[in-house]
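Chain nomenclature is as follows: A, B, C, D and E, assigned in order of appearance, with residue numbering initiated at 1 for each chain independently.
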Amino acid sequence: MSQITFTLLVSAVIFSVGAAGVLLRRNPLVQFMSIELMLNAVNLALISFAGSMGTAEGQIFVLMVLTVAAAEAVVGLGIIVAMFRKRNRIDVDDIRSMDG
Amino acid sequence: MDFPLVSLIIFWPLLGALLLIALPKVAARSLFWLSVFWSVVEFGLSVGLLITFADGTKTGFHWNEKLEWLKALGMNYQVGVDSISAWLIVLTTFVTMIAMFSSSGVQGRPRLYWAWILVLETGILGVFAATNLLNFYVFWEVMIIPAYFLIGQWGVTDQRVKSALRFVLYTLAGSLLMLLAMLALAFLTVPAGGAPTLDLMVLRTRISGLDSTTQAWLFLAFAAAFAVKVPLFPFQAWQPDAYADAPTPVTMILSGVMSKTGAYGFLRFGILLFPATSRDFAPLICTLALISIIYGAVAALGQRDLKRLLAYSSLSHTGFIVLGIFALNEQGVNGAVLQMVNHGITTPALFLALAALSNRTGTTEIAFMSNLESRMPRLGALFLILSLASMGLPGLNQFAGEFLIIGGAWDASPIYAIVAVVGVVLAAWYAMRMFQSVWHGPKLAQEPPNRNKALDMQPIELAVFVPIVLLIVLLGLAPSLVTGVFDATVRDWLNSGIAIASGR
Amino acid sequence: MEQVVLLILGVLAVASALGVVLMPNAVYSAMMLLLNLLSLAILFLLLHAQFMFAAQLVIYAGAILVLFLFVVTLLNPEGEFIFRDKKRLQRAGAISFGLFLAALLIGAFIAAFGKVQPNFPDSSGAAGSYGSVEAFGIALFTQFLLPFELTSLVLLVALIGAVVLGKRK
Amino acid sequence: MAEAIGLVVLFPLLGFLAIALLGQMISQKGAAILACAAVGLAFLAALVALAGSRDLLHSNVWQYTWIQAGNWKVSFGLYADPLSTFMALIVTGVGFLIHVYSIGYMTDAQGNPEHDYRRFFAYMNLFVFTMLLLVCSNNLLFLLVGWGGVGLSSFLLIGFYKDKPSAVAAARKALVTNTIGDVGLLLGIFVIIINSPQADPLNLANIGALTGSSRDLAAILLIIAAVAKSAQLPLHAWLPDAMEGPTPVSALIHAATMVTAGVYLITRCHNLFAYSDVALVIIPLIGAASALFAATCALVQTDIKRVLAYSTMSQLGYMFMAAGVGAYEAAMFHLLTHAFFKALLFLTAGSVIHSLDGEQDMRKMGGLAKKIPMTRNLFLVGALAISGILPLSGFFSKEAILGTFPLFGADNLPNWSLGNASFVILGWVGIIVAFMTAFYMFRAFFLVFYGPKSDLHPHKTPNVMQIPLYVLAVLAVVGGFLYVPGAYNLLEKYFEPIRAPFLDGQPQHWLSINTDGLELTKLIAAVGVAILGIFVAYGIYGTRTKPIPVRAYQGFQAFLFNGWYLDKMYDLLIASPVRWLARLLTKEADKDVAEALDWGFGGSVWFGSKLLRKTETGYVRNYALGILVGVVAILLYVTVVAIQR
Amino acid sequence: MLLGNILNQTKIDPKALEDLGKIEWGALWPAWIVTGGILLVLMSDLVIPKNRREVLAWLTIATLVAAMVSAFLLMDNKAVAFQGMVAADDLSRFMSVLIFGAGALAALTSSDYFSRIGVEARSEYYALLLATTAGMWLISVSLNLMVFFVSLEIFSLSLYILSGFLPRSVRSHEAGFKYFLLSSFATAFMLYGMALIFGITKSTTYSKILAYLQTNKISGDTGILILVGLALLLVGFSFKISAVPFHMWTPDVYEGAPTPVTALMAVGTKAAIVAGFLRLFTGALDPIREQWQPIIFVLAILTMLVGNILAVTQNNVKRLLAYSSVGQAGYLLAGIAVDNPLARQGVLFYIASYTVMTLGAFAVVIALEGPRSEGQELRYFNGLARSHPWLAATMAVCLLSLGGIPPTAGFFGKALVFGSAMQAGGWYIALALVGILTSVIAVFYYFRIVVHMYMGGEPSARHVPGKPALSLGFVLLVTGIGTLLLGFLSGYAFDWAQQAAAVIMAR
């Protein structure tokens, strides 16, 4: 097993764990963290591929992901804070004024 | 290019509708007369169109117009009239005129009502004039919308909204299949390196290149749309409710001309477009038509409500028309077209007479009416004449059509004719049951609640009905006035159809 | 040697990822996320992506995670234990489909690279300058100028968003 | 001159239109006079036409194209040959007398304002018009117009007492049954038009041009028409019921003219029937069966008009028998005399009923001879005529028919598919029916005019009713001398069209038309049984002292009284199932099919929608799970695809 | 100079670099104009007095119109620009009209909307609106996965905030939150897919991906990774276009978001993603079409069915329209699944007509809305034809068009899409069949609204919507007439769509 294969497998596992985390956790913050895990897995995959390719493209992609993740964190956390600041329980299952 | 007479005829009512909507606040009375005027002019125009075909020698489409619309699908705005559609156009304008004339007393937003009727007229006329398949489809659907609003908004029972919606959905389900068939047709018939076309006459020559299975599927899809519209037996569930719930002038148009659009579709896009396939499917369609004839007649026999009774009788009669078309011989087709005209006169007149009756008695239930003839002898006589015409009394208009249809059916297969005449006998039964139970019979012990206006026919009603009755007698005595116009066309069609079919 | 480090880091990354998901307290989750980020950053370094190593540390660990911790303390959520989830179906689905996803992805990778070594340049050797800051910079400002420029728009939107959300009473 | 046939048809039409359109503008009396005038003028025109058409054969007049489609071309047109004008004369002549009679009958006692007799006379004129169309048209389809028209006007007249439910029902029954006949004729027309090699296949002169099975088929279909119109088995059920109409109507339509249209049709289309073996079998059988059946039913009827109705059916059976075996002249001759004496009988019966204010039950009458002797005399003339007593008209015509059939076998009989003995049986059936005829007629006679006096007090009948009766009585007496078989034939010219095909080599399988003179044996037999019948009737009814109790019949009598329960059977087997089906469709089908579709398709969509909405829980984690499920599904698909490669 | 030094150090051929470094600003004029507009709006907020806020709306609209115009007048005409990152071709222009037009119309409705519900429309709102359109348009022109991703995030981030823009509305917040969480989740999948595709094809630029696939197809063991990448990529696309089963966010977000935002979200996102589909799937992933067509085929069928069936029982018009937009996405996907030239043209025509009619329907909803987002319920449409005949007429026209009744635009869209399916034949006919089946269902629920407007009882007394403002009236007029005109002049519109679709070089 080569190095890249290994890192790719790691990224796959982290990605899956992140995906499961979004579904499992009721705390929106942790859900968001899980999404960040998924993004990290993407980054790892990109770097793995990039490392084997010898071009900067993958790394630039990673940079884009990082930047966007940061922006998303700002907005997302802002939304979460706005949503939950007045609530006692921090639980996404309480957010359910619309359904059907 | 000729003078765009056909377009003028198609869009003149639409123009009137727009005018009606756009006019500032005017008294409803004057708006009514405006719409009547509009429909009378329209009738005049269409008669003018018919006159150009009167000598009966013109075959094929005339007054053709063509504007490119959507080339990718082979769609054009393309209209043209042959001697068959010329008659149906005149029928449409005639019935609409009568309907308009009789819709003076409409309650609630009459302006829109009249406008919708005019739009409906445009849609129906477009169907009869379109010579491009998708253009036909467009008009076909355009018919639905005004009919929907007219039934749903001005209908007479509590069920009207449901009936209207059912009408739309049933029709749509059928016609969407037709749309698919049209689209498939456009692409399947593209010659190598050519562009798709849905021009009826071009397509007709191209279609023989398709294998028979494909043609069969396409034909069935077309038939679905038409069978719903006519309606034919298993697809009739929308019809009694829609006819019964619509306001009477609208029922007149529905029964008088809109049901003809389905038959016309069978005629033009069934047997003209698929000469070979329609031969294959003629037994099936004829069987359905026969079931409709018997079913409609038997159901009419049991109805307690006159409007529903007429709806079922209409089902039975349109069955005859379809039977004639799929007899696939000159007698049958001639008779079918003739019957379209005849039925288009008789049935609306019956509905109109029924409206006159129910205005006076406040009901359409048979149980609440009896022995009315001594009170309103003229209306009774009118009913009698119309009932007799509707049951196909020899000498009145529907007889000639039924004669040719059943004759054509006999020529196709005696079984068809024998079953069909059972329908004729049943027609006599229910027509007379209808007539007698209302006009004869013992006096009712209990008078219906609203019978204050039990007057006989008024001059204005006579002015409407006398011409209709005269027409019924005239067409009964001289049906060649009608058939003579399109006889040559039908022959031309069938012969070329046979040529195409045998060339398969 | 390198293989061993790689292995350890990989295990660490996976374990910390699991930690993020499984830790009942959001603060612990954040800490686990930090651990995960760090292990990934070192992995980046091992993969000769020096700049990314730095960026990962600076942006993720330095900025995003701090923000997370800030919000976590702001909201101060109660502890939550996923095994007491009332929505059993959701939990079962999440776990099973998560495993399914993992299995599919792992399977795909093994199918792709398991038998044959990838036909890639040897990454353990001197991989040239691909990960270097210069090459990265040139690529970023020439060939990939547009995405880079567009990130400014992303950040602008984030800025406005922050203003909007912050203004809210 | 023959063109006057146009006027014959036109006058009643004008009369009808005038009365119908003028409506309230003319008085009831005026309408009656107008109607009589119209028919009278038509009668005069018919005389002119008759004179003009003596020597014409197949003369089409007033012809123009009616329906044209493809190679079908049907014309309107009148026929002015001797047969048509002869029939027109009967129709207008008898019709005129009955019109005149009706003035008195309808005005006087029936003072019901509901029964505005303007309407009555309009319908009567309409009837005469359509009947004239029937007999004067030159082709089958145009004949069908008249054919349908008489059905219609009969419907209208039967149902004239429109507030009487039984009359209304009877009218409907008549129309529906007649429509069966109409469609039979229609189908027959199709067979002819499709199979005929002629250019104008429907012209009455050309309809014989068929060959082979199509000829038989056409003949059968036309027989259906004739049977329905002439109330023969099995389409007879409407005729007794039709007696619900006013009595002049019964006289005109159900005795003298309309019901004979079937005989006319067969006679007219002899060039078709003459060559059809099937027709040869069917028509006489139907005729004999009907004659016998109706006679048995007439034996026990209590309503005087129903007696006459069944007797009409029975007499028509005679005509069918004759026409079926080719004795057209005999059939037509009997048609003529029957028109006279049956009209006389009906009108006399009407006169009785009229004078008794509408009472029709013979059991309640009795001993009326003293009170209305003139009426009795007239009835007696009619009864004797119908019984075939020498030298009244019925004698000659009935002898002509019976003379056709050998009673004891003969050598020169043609081969008939049923066997030659059948001819003999038919002849004996004729004799038996003759006996029954005499019996039931005189049963009626004695019941009404003799026996114990009833409580009824008849009043005098007006003159306007009496005069037509005298005229008819005279005709019933002397009518027979127009044609004395074997001696001379005043009508020969008028039967020329019928004889035409026989003049040059008659078809092999036909009985010879008996022109050789009366056979003594048959003469004795027929007149003998008639006299026997009269005496039996006298023995049973003429000498009774107690009135017959008014009660329902039992057993065999009830069986006969109810027309062998055929009517009930039809109702049970045909009408009721259709009605049941109709009710079923009304109550269940149309609504429920629509509802079922609504609930089947629409409902499943609706509930599907409700069900699917449950997936939209509002929980964001559920939504995420949905995404993950989608992801895994797609991934699974691609990996499977990839593995398969 | 600095560049020279670096070049020397890194031994890169300067000639090549010059080519690489070419900066073709002219290719993205509309984006720059919109970006400028964002800044302008933000800064003008400082000088504009509080009671003259509608000036911001007009600035926004002017910007968008300018952007639209610039696409025709200023923008270069290049198949590729910025080293193959974006395209400045007819499709870009087509999309600029749709997206900026939709943005402008949404902006036009906004001021009336905000005054109705009693919320201040601040500069940030308009700035984010502009950013949204910029992101959408950039997606539609992008020829590179990175640009695609970044553009996607531009408009997604803006929409997160816009969806939750109403300060006192719980639903609005919830919509923002749900959209944010689920969109991020789906985007992560998409990113992973992009990473895999990048990893195998060694590029993020479409043309190079295409080149790789043309030579290698999906041969070898690594082929599976391309397929996995494709699948994950499709997840992101499907999420944004709201295909089943990635549609579940749609009703909640559409319902909660401010209605103008909903309208923009409904039409703009779909337009952008359709362009993305065309450029990426039929453009770059053309060699492996046999792999993705079946997936989209199934998605299309599911989407048509589920979307339309779900809409049947809705009583909230906004939610109903949301489900209907899911159904409409199904028709778009059907066209994408067929993917022959006519299908591509048809899809573009469809999205154009969809844009107009959906905007119209939402505009009517806006015209009925009140401070606490009442007026969305179906019962408030009762008697609308009586109280506001023109409003009802516009709604009816738009609904008929959505239902595909001729001669409105929607019919021609459907006819083209179904026609392409019939042209393709085979299994694709199933798409058309399901399409007509669901069209009948769709007509049922569209007509439910019509029933309430025209045949319903008396108008609700509690809530009487005021007359729509002039700007909103203008939107209603444009969309109503546009729906009809697109039908009557569908030939011209189709020619244009044909021109736009011609840039996609595929089978």
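In the analysis below, a residue touches a chain if its C-beta (ideal position, glycine included) is under 8 Å from a C-beta of that chain, and two chains touch if they have at least 3 such contacts.
Keep in mind that this is a model prediction, so the values were computed, not measured.
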A correct list of chains touching both chain B and chain E reads D
Chains in simultaneous contact with chain A and chain C: D, E
Hey, which pair has more contacts between C-betas, B-D or C-E? B-D
Can you name the chain that lies farthest from chain A, using the mean of each chain's Cα atoms as its centre? D
When you average C-alpha coordinates per chain, which one falls nearest the overall C-alpha average? Tell me, please. B
Going by C-alpha centroids, which chain is farthest from chain C? Tell me that one. D
Averaged over CA atoms, how far is the centre of chain C from the centre of chain D? Could you give it in whole Å? 102
Measuring centre to centre with CA averages, how many angstrom lie between chain A and chain E? 25
If you average the Cα atoms of chain A and of chain D to get two centres, how far apart are those centres in Å? 96
What is the distance in Å between the mean C-alpha positions of chain A and chain B? 65
Touching two or more other chains - residue numbers and ranges from chain D: 602, 613, 616, 618-622, 624-625, 628-629, 631, 635, 639, 642-643
Got the chain B residues that touch at least 2 other chains? 169
Quick check on chain A: which residues sit in contact with 2+ other chains? 15, 18-19, 22-23, 26, 31-32, 48, 53, 55, 57, 60, 64, 68, 71-72, 75, 79-80, 82, 92-93, 95-100
Go ahead and list every pair of chains that touch. A-C, A-D, A-E, B-D, B-E, C-D, C-E, D-E
Residue set of chain E touching chain A in the complex reads 145-146, 149-150, 153, 157, 160-161, 164, 170-171, 173-178, 180-181, 184-185, 188-189, 191-192, 194-196, 198-199, 202-204, 251-252, 255-256, 314, 319
The answer for chain E against chain D in the complex is residues 177-178, 181-182, 185-186, 189, 218, 223-224, 227-228, 230-232, 234-235, 238-239, 245-246, 248-249, 251-252, 291, 294-295, 306, 309-313, 441, 444
Please name which positions on chain D make contact with chain A in the complex. 613, 616-621, 624-625, 628, 631
In their shared complex, at which residues does chain C touch chain A? 2-3, 6-7, 10, 13-14, 17-18, 20-21, 23, 26, 29-30, 33, 36-37, 40, 43-44, 46-49, 51-52, 55-56, 59-60, 63-64, 67-68, 71-72, 74-75, 77-78, 80, 82, 85, 87, 90-91, 93-95, 97-99, 101-102, 105-106, 109-110, 113-114, 117-118, 120-121, 123-124, 127-128, 130-131, 135-136, 138-140, 143-144, 147-148, 151, 154-155, 157-158, 161-162, 165-166, 168
Complex contacts: residues of chain D adjacent to chain E: 602, 605-606, 608-610, 612-613, 615-616, 618, 620, 622-624, 626-627, 629-631, 633-635, 637-639, 641-643, 645
